[in-house]
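Note that the chains take the letters A, B, C and D in the order they are written out, and that residue 1 is the start of every chain.
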């Protein structure tokens, strides 16, 4: 299988390269970077030295790249994937997994939250939360790979919403992410001296992952769901934990919660159910495609607290993208992804 | 003024020493440690070398220590301060600030959450949240210095509860603390290799600071308040951030919130009101006695999110203890505490 | 191939399990732990949940374990491997890779630096620095896997010593290691609050890896080499960097240095030569078996500075152990070890 | 005393503000920033909110600022202080402490290492290593505050060079600094995700602090000294440790070393001599103006290893600048600087 990566010098692109280096069925044929075209990938990422000796190319060769590839991963800032997919429309049989936001939301919602015109009304994207949309992904042409916060939040509460075990109007998600979720672009608020030993909320009540979470929650709940979502920046590089709160539905109890999780995820390779009273830790998933889920019931207040942890660059981005690729090409879903977490 | 520190080799004891080194009205006359009696404090804490040349003593000299002191700070694990205060009862005029939990809760609540018999029914402790109980602290004999999570949580929501701006039944506190909150006792879950780069919840729906938060909330709300409280361990040494969620009361809006905070804290030296849309960061309070408070309204869900940040060892423990001492001895409240935060 | 791990709950044991999970030719048949026998490995290491479902066993079953295994990895504190190897002597055909210190030094040197009697005079161990002793390792019965500091130090200077390009009496090694090198045993000087944001030297002029470095240097130099070696504790979990200083031999220059490295390591899979003026970084090797080597000449003082970086738990311990296993069983040397580094 | 800070939004400027907030004899009358003129300092540095309510001004007002000030601190990148001092020449009685490099080196050495023309041949600067040049500093008009690496390196070896206890040709300094030493300017190599958990050398055999170290060493040794100096970037915000190696002079031993340190630093407030076999740790000096010095003799190789630790922003920059100011204005040298280190 031949794949190419459009936008290989962002963190999600580099992480795709890391993962695909161990994928037995894939060869990486083209990698692009507008800022570093012509240089070796190892000049941008020394950890890839001796693993990839490829030069970064330019998007000008898009047509040629697409023709040589079975699949394109797109790791560009939002707004660009639409242009690429539009320009690929006619004739190209290449499939696409977009790690950005362009195809995650309904166009009107996208335009409202991203303040950008949506320019591709033709593509029928499939939402790439692997465990929940597996059969659609299999046949998808363009996959919208979910956001990192979104993956953690959806995995945590989708079963409970589907099974009506929680009050859909009561959901609060307090999420914490490592810095790589913010990308490689330098900025004062990502300057090492400013983040080290620090911790702070950001994007309170206005983060763009909110509507994406709501869109999937709404689908699973069968009713419109609106949530309070608060992201925080952890002073670490990788890892994302979502602490999700909801009122238990009348009559719902611990047994129902356990059964609901088991029903939806009992056979999932990448979801590890820790059960009640066991809580996930970021380091137990670092570098892997696992999502760990634990939960607790606060009997005094009638709330359930579901905690999910994942590596934002793996299950929260590039790992899930490879999982989706495996689904699309009928490979065992964990091909190239069975790496154990790096602990400690 | 002569003070002594009972239990000087825990982190709160060492932090008292750090702060008092810059306090112009205090001399430290005795410091004790059961484990290190006889050695220099600098043997336990090299940062105090050349600042304190005192030897650690034994609790056996308690009576003598009390007689030589105007005030005792007690920095021992819960269960010990009761014994000390009981044994001081008769005749001693020494005043006490207990940094542990023994006097924070009503005895029956204490026994339920701490699984320890409360043995001092005589003492009438004063709760030492400086800004809220100032006049009682002034005349208190035994001050129960609040827990770190508690200080952050109370400061965040007390005004809104008092002014009936939030639904008291809807409160969720998602809190994150640095490792020094867990003390100096070694344990696998505090081993450097296990905590570095990690992040995890703990004590979900069962942490002992919960009833302490509820006790004060209840007082300010004028109705019984029960909360969901979830602590997390941050992979840093100092700092604590509480993200507090509540439903707005009908009709309450941003103007009311702002006015409520201004009314209660407008003149407070140690509380910095960042206002709506500005969020606190741990590093902006590091090493200082400040509590920074910011907030946001989630218009879509009708919730207010209040975020408070403090240094768990300063405003969350030893700094507030010194603030209380200043109040008790009619010194300007910021004496010895005006140190600017250490940033970056 | 059947392998067992004696002492699987230390960091090197857990790291063996992580690596072997991706090794196609190996099945782990027994794992032991004296402290946790009877429990699941995932109870000790949550990152291994769903990967290993094995129970930890007791050393009492050693004979049975050895009989069922082609190879034993021993991950115990020094002093224990000797006992195990002695008790295996007669009849057993099992091969051994010891990750501890028992077989690294000549017995008299061992006794002097480790203050322990060496009790196994029969075994003829092979020193397991894979790149330098490959042919002996292939046929070895008991392999002494090198220490982490030692691997970095030897790889950095062995070629230059062999080629007489540096003054063997002038070597200074200033080394810095992450905390996992100190193991999982809790201690105040490894308590998170004490190490976070800290940095300090330790074991100055007396660390036990010194004679091990000297032993190999001496062999390559063809003359007795004594070095100054100073380790430091980095406030990170993984990674080790050695900055090695030596006087250039008369007439030796940059071209000679480059040629020497190329000659010794030009074909090595796990050694990445960065060349002159390029310096290694810990993160570029994290989680991988690579050792990155860069160097510089200080023309003003006539010294060469060689910097080598590796992951102390991988190339510095368990990864090199698996590399040695591959050599011993005639597998391609990078089998199960080709994982790209985890960056960022 | 009225002081102004030219370049107040760099880390050294902000650190001056932090320290001076606790200085009883100083009022800060003007602060400037070319990039943020017109805004509040708290907009750039939230930790200073409620402490400083001043607006940042523009250098255009330099003449007026100088006239209103007894002392100017200059915290600008190298090349700017020369211009300012030149333009102040005539008539102004304001004194200057430059935290940059312009006046640290002899002009020809400066031009060679900084690749900038030195444009102020008139000023007779005094080198501001407080403990070593105290009497000259007292009467200096323009003080060149030393670099952070330089302060640590000089304090470590100056006594031994003066007393001829080490071979001046054998000095190697392996130094490690936190990220704030690199300033607040954003760059990929200071991006949080790149530095976190990482460690790497830089500027090997070419760092600009090298000639500054040599200049002072040469003066103390009474012979020309050339050193090998290797800086490394620690993944922490503050703190600098220099591990300094030198051959002992014939006949020199531990007693001589101890006596030499005691002679030079025995009465120094800010230098804590840990003695032989005790090693400094960064956290024991964090936030303070202390320099801690420990040492060891490697009997096997005849070398002495001296380790010095300081906070690069305090004793390595702004703290020493305030110490120099105290000297210049005949205040007790520790006025405003007696803050205990922030540990843990």
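Here is the rule we use: a contact is a pair of C-beta atoms (placed from the backbone, for glycine too) under 8 Å apart; a residue touches a chain by one contact, two chains touch by 3 or more.
These numbers come from a predicted model, not from an experiment.
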Chain D and chain C - chains in contact with each: A, B
B-C or A-C - the one linked by more C-beta pairs in contact: A-C
Computed distance of Cα centres, chain B from chain A, in Å: 39
Distance from the mean Cα position of chain C to that of chain A, given in whole angstrom: 36
Centre distance in Å when chain B and chain C are each reduced to the mean of their C-alpha atoms: 46
Junction residues of chain A - those touching two or more other chains: 11, 180, 193-194, 196-197, 235-238, 281, 283, 286, 344
Residues of chain A that touch chain C when the two form their complex: 11, 14, 17-18, 21-22, 45-51, 180, 196-197, 237-238, 272, 274, 281, 283-288, 290, 292, 338-344
For the chain C and chain B complex, residues of the former touching the latter: 11, 178-180, 182, 184, 186-188, 190-197, 235-237
Complex contacts: residues of chain C adjacent to chain D: 172, 174, 176, 193-194, 196-202, 204-205, 226-228, 230, 232, 234-239, 241, 243, 245, 279-283, 286, 296-301, 303, 305, 307, 309, 344
